[in-house]
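Multiple structures are listed underneath, in structure tokens.
Consider the two complexes below, in which chain A is the common component and chain B and chain C are the respective partners.
And now, the complex of A and B:
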């Protein structure tokens, strides 16, 4: 039973990891970023390249991925999203296009493949990410329950990121500006907040979180160019169920969905688990259309 | 939009130039427009370069081109240069069908080399049967097919499982099988054959579970394996899921030496991607491993590494994609003409010294005689060959239904459906 709960907790933490960045970009800015999964994938590839070429420690890849994907997110916002404010469907399409470009960039190794140059760590194949030794030895505890250090590391790190995000949003001046802009952009601008700059940095932060998610997932999920696509779907489900714009909502809904998936998968199988979870999500959306912890009033 | 005269004239000129320059648009038979080039033979190369199965198929496309290069260096086939027409079906069976149509009907190639997944082969089969063309399929598959328009150069279950299951029961002493696979035709059919062999050899299969292709969350499944009381895991998992599976296996504390994974699809590529430490002491059954020790294989591995990079690895499907090109060349030379039916007749009985050893195309069912081997993963990511047949054995695509060497179900006359009994 403890193992089933642990699996559920681990699934929840992975969902939360991905949904956190999405809840920032979608929740506070109302921008549907279809390229979010690809930013996660980029974080994974930064890890692969960092370990292969720069001989970095796995943990050092975390801030590196944050910076790289944050920069890409900043660029996406300034070049693309900014011109499409208020046009939700157009943003969706544009960011979908960005996601295709990002996948293709990895596949053709940023253009080098056309010249016959192969960079180890890029290309359409599977990539290997070696996990640091302290995280890779499972420890057998009581009653056949095996302590998995890597999954536990992800749970701890995710909670840390949630706390960090909450702290930034509620205890710093920048966070206050983010919340102001997301509630009422025009009024915030009238009060002297540079809403365009705030949006750019918000998007960059959300994308940076995606990069960190990519680093942590690269340790036990397969790293290949299409790995990001399934993540963005799960991420949106979590954000929408939790309530757009609510950090607590995202956390709680990822916990519920993760534990539910883990429990049903252990009893029957993963395919049925997914179907049941979708049914539950539909039920929640029908009864509470704005999610579990919707922000009241706009 | 206002169309003024200038724009109209420019558009009309562009349109006229396009139509005259690309006669495909308005002339149906291309032979009337450009003379057939007597110095070239075009062949279709149909492997995914993008999408999920590009992981394996891109290398198969490249090794086909390598083989064609080597052929051309030796003077080509029938004195003509072989030109590959490369298409990318993007890991989607429907696109496979469209591209196959384009190659056979549009480019009029006499032969196409292609496919990795059974789903894609099934999707293109109608094209080749309807147009009486020839498809060379290099990947090991589940059998149960007898098309006279396909030459199958990969292993069928009797060449992969008939040696494997008895070996597991006798040599490893494991009797309780937990069968796990990806949810599509190949793993399901392989599981059918496995169950028959397990019961025939005195073992017992405890479970038969499936997860979607590409599924990467194995926590619950591995826990099921732990709780099931099995002593060996028989894996028909395909593709990138393999990496997540083996990693989760070790992360949950399972030991390959006590509870080994015996796989039919895990090759050098997946082992390299997951990191050898996650696969050490597991087993796979293939006719070919990169570690096969003969001169032809050493040269092949060397050629491939100088072509694809020193970290590249070779594997069974890759090696079949490579040697089938040479078998094709021999078939064309024997046929003397470049027509699919003649090439097929020329291919029957063709023999070649492939990197895995001697291979021969069986004249009755168009499958290939291969040498079954079993390999154990070592810490460097290569396989140590722990079991090997002395000579290649005959392919029996219907072995699970009772086909034997003396009682062939699939012959040159076609499939004898009356022999298929309900299993």
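And now, the complex of A and C:
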């Protein structure tokens, strides 16, 4: 039973890791960023390239990926998303275009492949990232329960990121501005907040979180150009179920959905477990379209 | 001027129909088979445009209805294939069912495995054809009823349809003995009307699909210009106002959502006739989103525009996909085109066409 709970917790932490960035870009900014999964993928490739070319330590890839994907996110906001505020469905479509481009960029090795130059670690093939030695040895704690250090590291790191995000949003001046802009953009601008600047940095932060998720996922998932697409869908469903704009909602809903998947998978199989979870998600969205923990707005 | 615009639109439809009917004069059967698949995609563009452009329902799971139509007909055609007839029984049995048979079961649809009895009525091809439209329509009615009665709109509709498509896709993949799981249904027989069988590489199969597309286009145009279609557009533009004017908003949305699903189901069946397989990849999210991309580039507010957008994008993609680096470059270009269309031309190619004809009309006066 403890093993099932742990697997569920581990699944939940991955969902939360991906949904956290979306919870910010979608929840507080009202932008559906379909390229989020590709930013996760970029984070994973930063790890691959960082380890093979720069001989970086795995842990050093975390801040590096945060900076790289954050910068990409900043650029996406400045060049594209900025023109689409208030056109929710159009943000979905335009960022889908971005995600196609990001995938193609990795496939063509940022255009180098056209000139016959090939960079190890890029291109359409599969990549693997070795996990750090100190996290790779499972320890059997007691009969029937094996302590998985890497999974535990992900769980702890994810919770750390949630606390950090919560602290930024609710305890710093910047976070206050983000909340003000998300509640009422025009009013916030009237009060002297530079809403464009706030939006650009919020988007960059959400994208940076995607990069961190990518680094951690690269440790136990195969890295390839199309890996991001399923993540973004799971992430959105988690955010919508939790309630748009609620960090607590996202955390709780990823916990519920992760544990549910783990539990059902233990009695049937992985495929059916996911199917049941989708059914639960549909039921929740139909009965409570605003999610489990919706912000009570006017 | 108004009348002029309408005449031009009608001329556009007639020109399009004339072109697709005249194509067999210049193309060989290999290309006709390819084009007939793209005409099916064009039909999906019409379905998306009807739901999204006219009813404001963004369905990110249209592939579900397409896949249902495809599987229903493919089940019938699978039973009609010679392989199914030669499995050691006097009645047809799909080959994959023998690989997944219950131990000791007799080779017959009734009991070779747990779900196989559901295949029995599909021995009649017309049952498969009927189910290919009825099943998507019924599902859309039920789903529409649940969603639109609860006044769910916008992104939430997109999320629900998306999750449902993923759900059904997983169930199909999981049902290995029933639907051959991830491999889908291949090695199918030919669709037949009476004595005429539709070999996908023959001209009359192309005509079957082209005429079906023409019928769907004209029916769609008639629907959106009918009174119900006008009310639907009013609902799309301001749902609350339409509600206060006394219209039953949900009923119109459910109806058009179901029509869109039926068209997608029909498209699925035609695709099976042209491509000779049905696969769970039809229910992939990327395929459903591609349909939305086609409609957006062609023009979501125009049935014909969405249809042409789908065909054009696929023709170009097919011609560049011969070499891999060109295909990757095309992915970069299509991503950029798509972003530019969403940001600068939200009404798509059709909107561009309308703007041009209006400008010419103004200069002529």
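Basically, the second predicted complex is superposed on the first by the 297 of 298 C-alpha atoms of A that agree within 3 Å, B and C clash if a C-alpha of one lies under 4 Å from a C-alpha of the other, contacts with A are read in each partner's own complex, and residues count from 1 in each chain.
Please note the rule applied: contacts are C-beta pairs under 8 Å (C-beta built on N, C-alpha and C of every residue); 3 or more make two chains touch, one makes a residue touch a chain.
Predicted model, so just to flag it, every value in this text is computed and none were measured.
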First, second, both or neither for A:286, with chain B first and chain C second: second
Touched partner set for A:271, first chain B, second chain C, both or neither: both
A:85 touches, of chain B and chain C: first, second, both or neither? neither
Touched partner set for A:120, first chain B, second chain C, both or neither: first
Partner chain(s) touched by A:107 [first = chain B, second = chain C, both, neither]: both
Contacts of A:146 with chain B and chain C, given as first, second, both or neither: first
First, second, both or neither for A:138, with chain B first and chain C second: first
On chain A, positions contacted by chain B and by chain C: 104, 107, 269, 271
Touching residues (chain side chain A, partner chain C) in the complex: 32, 80, 83-84, 88-90, 92-94, 96-101, 103-105, 107-108, 113-114, 229, 233, 236-237, 240, 269, 271-272, 274-275, 278-279, 281-282, 285-287, 289
Of all residues in chain B, those that touch chain A in their complex: 49-52, 54-55, 58-59, 183, 209-212, 214-217, 219-221, 223-224, 226, 240-241, 243-244, 247-248, 250-253, 269-270, 272-275, 308-309, 311
Chain A to chain B touching residues, read off their complex: 3-4, 7, 10-11, 104, 107, 118, 120, 123-130, 136, 138, 140, 144, 146, 148, 150-151, 220-224, 226-227, 230, 262, 265-266, 269-271, 273
In the complex, chain C residues that touch chain A: 58, 146-147, 150, 152, 154-156, 158-160, 162-164, 166-167, 170-171, 173-174, 285-286, 289, 292-293, 296, 325, 328-329, 331-332, 334-339, 342-343, 346
